[in-house]
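Two complexes, one shared chain (chain A), two partners (chain B, chain C).
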Partner chain A sequence: MSGATIRMVVYDLLGDLKQVYDDADLTPFKVYFWVMTFADRLRKQHIEKIDSGAYVERFDVTTYIDTTTGRNYFTLPAAIYDFDQDGGIAFITYPPKWDLSLPMFSSVTFTRTTPGKAARLYFREDERPTPANPYFYRLNDRIYLLGVEEINLTSVEAGLKTTLDPNDLTVDIDLAFDFPQDLIPILKRQILDIGRFVLQIPTDKINDGAAWESKNFPIQKIASVNDPTMNPQYQQDGYQQQ
Partner chain B sequence: MDINNNNLLSIQEVLADVMVIMNDEDNHLLTPGFYNAQVKYALDELGFDISFLPVTNDYLLPDDLMVDMPSGCFNLRNIHIYTGTPEEVGYVETVYWRKGVQTRGYNTGVTANVNQWNISDPFFQVSIDSTSLYYFSVQNGIIRLSDDCSSFDYIRLTYDGIPSKNLDSVKMIPPECRKAILDWVTVRCAGALKMRDNKYRIVQTDAEKQLDEYGLNGSWHEAKMRLVRLDTKKLKDAILYNAKLNY
Partner chain C sequence: MILASDVFADVRALLDDGNSGRYTEAEDLIPAINKAVQYLIIVFNSVFEQKKLSPESLRDLSTVAILDVTGTTTKKADLSTITNLWTIFGVEPDPSILGSVLVESRNKFATRMTLENWNDALADPFSAGTGVSILSDFVRPGYLGPGQFFGDGKLYLLIRPASCFTADKVGIYYLKNPTKVTVAASEIEFPTSLHSLLVGKTLNAISIQHNADSLYGKVTDKEVNQLLSLMIL
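Then we have the complex of A and B:
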């Protein structure tokens, strides 16, 4: 993937916000966090709208058997977008190594279902979950597999629409930004908006009690207005005591 | 026309079209099994409307002369019993249906509305003094043959088969009715999805129009006409036969 790197985007924004001096209010990490958060949202909308495999990542995932229920499952290897009908999962198939030995599986993809809908699948022979007609359903970060109970399934190949993780500090910001290039102007605009808003917030307020009702209490020593020593105007006008 | 097994198409041939029409190439809307089942459903419906799959099977005559109705049979056409083997058929008799007969099997006797000997009935007296009566009745899904059939070795059943039960699931679509199956499956699949998204109602309506299942102006009727039509050879021979007035 080519295009702008995350560093380029972050420092471009810092420059636009005039935050490139020492002790600036906005740190690069803060802008990085904004970039990743807003980019993730825009990226989700983009993937949902555009029918493309550009943002599908392939994983070889190890499958396990739940010792309590006996169900086959695997844990999602990365966070995925929560699209309608588990659309964050682009495909799940048998691993390629199986395809060589068992051609019948080569074209088989796992079909999505839910625990509630799965019961109906057993009503008809054509739809019954089998190794040649397997299903999956998602429960939180686990993907359960139906129809493969009778075979020794050890791994699956999964294509996932993964998210940008703003909390992942291991991201190399000098690699190409995994984000649609044509949406960078929109991303910039959104971050400039939030940056400008943040910079308009007054500087830290100190709790000096100014908002307290007792602020009108005299804080200076009470002195008489008739005291000539306290009223220089008397002295200037040459007022003499009778 | 006779079905040529070498021409049969796979279910996937039809589904390749249907899934594009439904915008469901990745099966995110309907399961592969659902589509498969609809194709079989369509084929069976067509088979019930116009029998296009004659099936012939031989069964060794059991001692009790009771033969289970074969799986996948829905309309008996012929019953013959014969001596010898299916590879070397000897003497053959046709077995006729006898109405209203009940029996528990070979040598257990017979009751019938019209009994073989009923000379004491004041209203309806019958006396059929005959041997070699080869008949059958069907009770509880079992073909029961008359006692006289016991001298034969095999029974040959010819019947209309339910397509999905008799054809190989790999290849089961006669190309003559491919269009009708495609429309039929589209109607059903769109119907299944219209509760989820109303746009499928349009798809269903369009496909229904092309199918015209209960009318005469659609692919369903066209398929039936193709299947019922005689092969040209048969037609010519039938015309020739009739022209000679059977002399």
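Then we have the complex of A and C:
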């Protein structure tokens, strides 16, 4: 992927905001946080609207068996968009090494269901969950798998529409920003708007420490002790008359 | 650089004592020029405080000291080797050095913080000097001090977060105090453009003994602006 990097977007915005508010306490990380949260929203709208695989990320995920219920599951390896009908999961399929070794069931994708609907599936032979016709449903950050109980499933391949994570400490900000470049002007406009709104707090609401303002330092004037006009004692003693 | 003898020549011309010998170098001119320099330091402080000039504009007084730091989450730097400190204007963790000499500046400078900032920053990922783990590209160090924080009579800087250091060295960019004039050949590390102002203030210092109403020692906006206009080179 090529295009503008995260560093370009962040420092472009920071520079623009500092043009007007050069003393503002704006750190690059704050602008980065704004970029990631606003970009995430725009990116979600874009992915929802455009049917493409451009923002699907592939994961090889280890599956486990819940020791309490005996159900097969895996934990989502990254946060995904919460689209209608679990649309954040583009696909779940068997791992590639299984696909290449051609038992019929392996070249299939898991079909989405819900715990409520899943009960009905077992009553029709052509819908019944089997290794050749497996299902998945989501509960929080776990994806449960139906129909694979009788095979030794250790991993699956998942295509996920992942969100941007401002708390990911592994992000390389010098790589291309995983965001539609044609939406950068809209992103920039939205962040400048929120930035200016935040910075346009009425000045009388700001504690500027006015009590400490010191344009003229209160420094005691230095005067010669020999100057008679500075010593009232001399004047009382009739110094002026002498 | 301003040569003290150049200032003295102008001061003598303006004093016009008719070669009476009333004003001597040791008793009058040298104490007066040192007072004038101290006075200009006060005016500069006022200009810095108003953010009309930054300390690095005094280029002959700008210098860098490389110090060791110690500590785990917060690093501390002992400033006791810097004996002529006027003001600190830059703190760079881990500069590129050769021995104790700066080779190149390569790192993010630390932001100066008040104790209140310092306290807030501990839990604030968006602040300089944060104690929270964030993406390393966006970590901005912060420093607190100088202050006698550890009861040993020495001045220290505190710098956080410690993750900004790999070599436990810090570059302190600071203004040193101008060298005290002891003889006419002494040089004062102010820009030449301040020559006339220094002459005027040296005369003021001498004139204290003449006139109790001298304005010496009182910094006015007019003087700040005068200094500012002289410094804009």
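Convention: the second predicted complex is superposed on the first by the 191 of 242 C-alpha atoms of A that agree within 3 Å, B and C clash if a C-alpha of one lies under 4 Å from a C-alpha of the other, contacts with A are read in each partner's own complex, and residues count from 1 in each chain.
Assume contacts are C-beta pairs under 8 Å (C-beta built on N, C-alpha and C of every residue); 3 or more make two chains touch, one makes a residue touch a chain.
Since the model is a prediction, treat every value here as computed from it, not as a measurement.
When the shared chain is aligned, no partner comes close enough to touch A:152: not chain B, not chain C. In the superposition on chain A, A:111 makes contact with chain B only, not with chain C.
Once the two complexes are laid over each other on the shared chain, residue contacts for A:169 go to chain C alone; chain B is not touched. Of the two partner chains placed around the shared chain by superposition, chain C is the only one that A:32 touches, whereas chain B remains out of contact.
After superposition on the shared chain, chain A has more residues touched by C, the comparison being chain B against chain C. Using the contact criterion defined above for the overlaid structures, shared-chain residue A:69 touches neither chain B nor chain C, since it reaches no partner.
When the shared chain is aligned, no partner comes close enough to touch A:200: not chain B, not chain C.
On chain A, the surface touched by chain B in one complex and the surface touched by chain C in the other have no residue in common.
The touching residues of chain B, counted against chain A in their complex, run 26-28, 31-34, 36-37, 40.
Touching chain C in their complex are the following residues of chain A: 7, 25, 27-30, 32-33, 168-169, 171, 173, 214-217, 219-224, 226-227, 229-230.
Residues of chain A that touch chain B in their complex: 85, 87, 91, 109, 111-113, 121, 124, 126-128, 133, 135.
Against chain A, the residues of chain C that register as touching in their complex are 42, 46, 49-50, 125-128, 133-140, 208-212, 214, 216-221, 224.
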